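In the two complexes that follow, chain A is the common piece, with chain B as its partner first and chain C second.
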Partner chain A sequence: MKSFIRRYQWQEVLIGLLVIAVFIGTQLSPYFLNYLNLANSSVTFVPTALMGLGLFPIVVLGEIDISLTSTLAVSAVLYARCWEAGMPVVEGALISLAVAVVMGVVNGVLVAVAKLPSMAVTLGTMGAYRGAAYLIAGDAGINGIEGGYASLGSTWVGYIPVPVLVFAIVAFVIWVIMAKTNYGQYCYAIGNQAPAVKSAGISITFVKIVAYVLGAVTAWLAGVVWAGQYASARGDNADGTIMLVLTIVVLGGVSIFGGSGLTSGVVLAVALLFVVQSAMSLANVPGTTQTLISGLILLIAIVLPNLSRLKELIVKKPTTK
Partner chain B sequence: MLKSIVQRGKIALGVVCALAMLGSVGACSSSAPQGASGSSDNKKILVIPKYTGLKYFDVSGDGAKEEGKKLGLDVQYIGTQDATANAQIQTITNAIAQKPAAMVVSAIDENAVTPILKKAQSQGIKVVTYDADADSSARTVFVNQLSYELAARTMLDSALKNDPNGGLVAFISASPSATNHRKHVEWMKKLIDSDAKYSKLKYVDTVQYSQDDATKSEEISRNLMQAHPDLKFIISSSVPTTAAAANAIENAGKQGQVYAPGFSMPSSMSHFVEDGTIKAFCLWDPAQLGAVSVAVADQLVQGKITGKKGEKVKVDGIGEFTIGDKGELNVDKPLTFTKDNISQYKF
Partner chain C sequence: MSSDKGNASNKSFGQQLSARARSAMKSQGAGVIVFLLLIIVFFSIFAPHFMSMQNVKNILFSAAVLAIAAVGESLVLLTGNYDLSVGSIVGIVAFISYDVCSKAPGLGYIVVIFGLVFGILLGAFNGFLVGYLKIPSMVATLGTLSVYRGLDSLYAGSREVTKNQIPHWVNVFAPSTFLGIPSYVWICLILCVVASFFLFYRPSGRMLYAYGSNPKAAESFGLKSPRIIFGAYTLSGLLAGFVGILMGAQVGTINSVMGNGYEMEVIAAAVIGGVSLWGGVGTPAGAMLGALVYACLDNGLILIGVNEYFRLIFQGVAVIAAVGVDAFIRMQSARFSTRHAILEVQA
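Let's look at the complex of A and B:
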């Protein structure tokens, strides 16, 4: 019950932050409330946001996956190669999806079956998958992707960009999985190291492998969006964005120790980071200041939810004699 | 209940303080809103490097702003410290919304930025690339610091200045997808193979990749020196890598045996030049590059040039340049730094 209240509070804080950030955005730049610009720049945020959604169940399990951005690159370049070879878009999508699933399984098996630390495992696969992406893409990468292959990344439905719709659908699916299914409950239970997990006969191995596959699938989708959006794919796609993905999850109120966090928090974190970045970018805030602000926001995200714990440390009440 | 309300209040207070900081920081950097009308009286030119915070780019931004001041333009140097295509494309997207007359861009990913630059062009914004080109359909002019061949020659000449007897060369590029680095290495290999002037040089065929990362560059340099005991030169087009290679040479005690004659900044190399580890290395003046780029953008906005082959651009105090094939303009003013001249350069 107590933890429920704490989580609920965090959503409120994020909404409050979002309102304030929007207000500051309007003050910083006269162009901020231009709907078309907001929609256009939200598209650039979608691949990162999708990976944030995919990382969320993994972190709930108390694990981590920093290879997601490399999985994106492999998916994007493979998908682009299929376009180049003139395959129908469905085939290109399925081939790259199959490879992404294998990459997720490899991570999951190494973590859950071999019981290796997930940070070390995914640090290794991050490099290995990145290398594979470079091999598939070649030196110059693939350029000029168009037609059906670009549809998820660069088309609009009325006034809404398709990538944003993709994000909304994935967010809904993740919410259903985490909040409405037994699988979601198992994730929280395993993350909390609940004693009931073992006696209930839940296969921790299976739950973890599925989470890594789910993460890889979101990275694949992000890769498909990426290839369409930028009409190109290269071995270094999304290299260096893993910190932003982690920020989304942590700012979303997902405990890095596992066992807690809500989809709505992750979605609100995406919205908040997007608004703050757009506002700073539109106002031409210097790069160093942008880095500082982003760091501060992450710090707030880590410190605030643990405020009561910190307070206990500082004002330690004298124990009864 | 009461306690929880108090606690919520405290959290909200913390949040407000943090955001107030954001607000105040932003307030000093936001310029007064000006009615950018998109016509020829629009003086706004946005300079977008691959990422900010690297001295090389920041100096190019200073040169651009300086030139803007001379020409009576509103030149701003924008971007984030995030060295990712995503971050740069977000910056460009938000730059378009500000309706500048022109944009000057160093493309972090030549293909990925193409759609967004085309969008800028479709809205009447003139697009000039500098330092690193985008697809030629997405910009009018590419202001290239050095033609690829001249860049290759400059680095090889600088190698021979370190040791005229030549020797074995190993190449380190930023990444396989860094086009200019790739072209430089291709040219250097070609020149060593065919030009008598460089016949004393040999090279290791495999190119190493450093991602512009100093630690990684140092590790690669160390490994190269171990793998090839007769190695004489570590050549890189990457500014951070050349300095890291010099550091690796010093740490390995290989002064006088191995040299790093590639591209780097005088500020990060002066130490190695003073103690004799490096006798010569090279670059161009990034401030000059920024200035020429802004001048080109301004002339495009004014309609004085259209980016066709043979058109000339005169930049006061720097020189006159002619646009070549595919809208490429080569500044071609290489600098080689030695003990004698390094103190003259402030970047």
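Let's look at the complex of A and C:
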């Protein structure tokens, strides 16, 4: 029992914060716990949450991918263009998926084969993919998407919006991959001790490329959901929201240095950030302030585990003259 | 016995490092200059009016401003860290400085000081996060990128600062020239000289290189890493603030999205100029050259008529290509220094 509590310490903190946040939310607005409101606003949060799930394995590996939001945009506009051209849904979905996979492979190859720093690589691909999204979308974007193409983003199954269901399924899949498969174990191992993994004969290159492809696929899914729920797609979709995605991962207890972090943490962080964002929206906090607060949350989430180090620095006395 | 290479133990740690760093930089510097000449030749042929007086002035303007930011960023890169908040610092300093000074006309002369101090504060906060709290730089500056941008939007709302609100002397100074060369270029050149002097001949500057080349070794030598990193970020913030003032004067109309995405150009310029992302390698002159190369490429592409979205793709590819070349050179020099070390032992 004790080891259970210790292992899930961070999750317990998150649950505590979640309860507090929900309480504050109810104080801010009587409509806060209204199911319909929550369900509707959760749909807009799903794309970001999906990317968070996709970023999770990459960060565990000790790398990063800040191009996910641009991959979302490319997927969304490509998907929309296929709708415009009258292609059947499945074809449109497969074409945009294929392109997303290629984008993930490019990232993976540059990081794992060329061994370039992932920050710089994905900084570059973030810009390049964004440009591609603008090119495909044109100045006006694509509007009026409906029918099968919009199904993943705007329909409901009973009382649950389909996007939320999609998130739940992806969360489950990511959990299975990271917690129950050898691949997941390799990710944690590489994040902790890459040289040891190499000696064990496991291809780090393969693991990293797969991780980046996985991230790109979640971004693709996020793009499809986005296109469906907004019934449109533009080149600037999700521009600038990568920080929120990173916040989800870091808040979820995933160490930025790699090697640790659980799916349950990421899911709880999604819930917490969703509640915080909903509360802010209901309190009429402007969008830019919300981003500001999300940025502060990111910084706090990172600083807290490191505070003990700060104490060291202040208390430490010089040992030599 | 000991050859004319000089017995390693007779030189100080800092001297050794700067000697090796300098020889590596010389070969890189040559590569960048060759690349620059190739670009100039290419665009002179294919782009109309590329070498016209007006266009050269345009290129120099954007290159000078980018170069100053790149020099600041290179200080951070030298320590092995990133500063992704450059664009946000540029934007927020520009808006708030000019807005505050437009409201109180008497403050017109202080706008530059205001901007520099503001930049120092923003950079210092970055330095505190990365140097003292030991937050990984990419996350810390990604966070401050959003926080600073958020503060900027909060302050600005949908307002803009227009040309007639900017202090008059700034409007006169911005397009001015001295001996035929734009003032901005002079500022940039002077800054480059100052920065190079600081980095090569002052102990604190050499500490930056020492730390970046080998953080662990530097720390066992007694170099205080928090202070070095804090200093680098503060200087980077100072320069970014300066760029904010300069860019604001150049652009004419300042809004809350100014500087969005600028960090990509800045990092690309620094890396093209030979500043290594792994730290410890690079010069201000290199960063300046890199900025010039980038400005030429961007300008040339515009003149050829390339779509603005293609140029965005190009920016991203430029970052990756520059990093790739940097990695390649690093790999080659690692092989070289291993051979070098073996030869020294044999001597």
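Following the convention adopted for this analysis, the second predicted complex is superposed on the first by the 285 of 321 C-alpha atoms of A that agree within 3 Å, B and C clash if a C-alpha of one lies under 4 Å from a C-alpha of the other, contacts with A are read in each partner's own complex, and residues count from 1 in each chain.
In this section, contacts are C-beta pairs under 8 Å (C-beta built on N, C-alpha and C of every residue); 3 or more make two chains touch, one makes a residue touch a chain.
Only a predicted model underlies this, so the values are computations on that prediction, with no experimental measurement involved.
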Applying the touch criterion given at the start, work out whether A:Val285 contacts chain B, chain C, both or neither, answering first, second, both or neither.
first
Touching partner for A:Leu50 - first (chain B), second (chain C), both, neither:
neither
Report for A:Leu298: first if it touches chain B alone, second if chain C alone, otherwise both or neither.
second
Is A:Leu214 touching anything from chain B or chain C once the two structures are fitted on A? First, second, both or neither.
neither
Given the touch rule stated above, what does A:Val13 touch, chain B (first), chain C (second), both, or neither?
first
Between chain B (first) and chain C (second), which, if any, makes contact with A:Ile174: first, second, both or neither?
neither
Just chain B (first), just chain C (second), both, or neither: which does A:Ala132 touch?
second
Chain A: partner with more touched residues, chain B or chain C:
B
Once the shared chain is lined up, is A:Ile248 touching chain B (first), chain C (second), both, or neither of them?
neither
Considering only the touch criterion stated at the top, classify A:Leu152 as touching first (chain B), second (chain C), both, or neither.
neither
Where on chain A do chain B and chain C both make contact?
134, 235, 240, 286, 288-289, 291-293, 296, 307
Counting only contacts in the complex, chain B reaches chain A at residues 4, 7-8, 10-12, 14-16, 18-19, 21-23, 25-27, 29-31, 33, 46, 51-53, 76, 78-86, 89-91, 93-94, 96-98, 109, 111-115, 135, 175-177, 179, 182, 211
Using the touch definition from the top, list the residues of chain C that touch chain A in their complex.
82, 84, 129, 132-136, 138-140, 142-147, 149-151, 153-154, 226, 256, 261, 263-264, 267, 271, 277-278, 307, 309-320, 323-324, 327
Under the stated contact criterion, what part of chain A meets chain C in this complex?
64, 66, 110, 114-117, 119-121, 123-132, 134-135, 235, 240, 242-243, 246, 250, 256-257, 286, 288-289, 291-296, 298-299, 302-303, 306-307, 309-310, 313
Inside the complex, what are the residues of chain A that reach chain B?
5, 9, 12-13, 16-17, 20-21, 24, 27-31, 34, 37, 40-41, 44-45, 47-48, 134, 137-143, 154, 229-232, 234-241, 244, 276-293, 296-297, 300, 304, 307-308
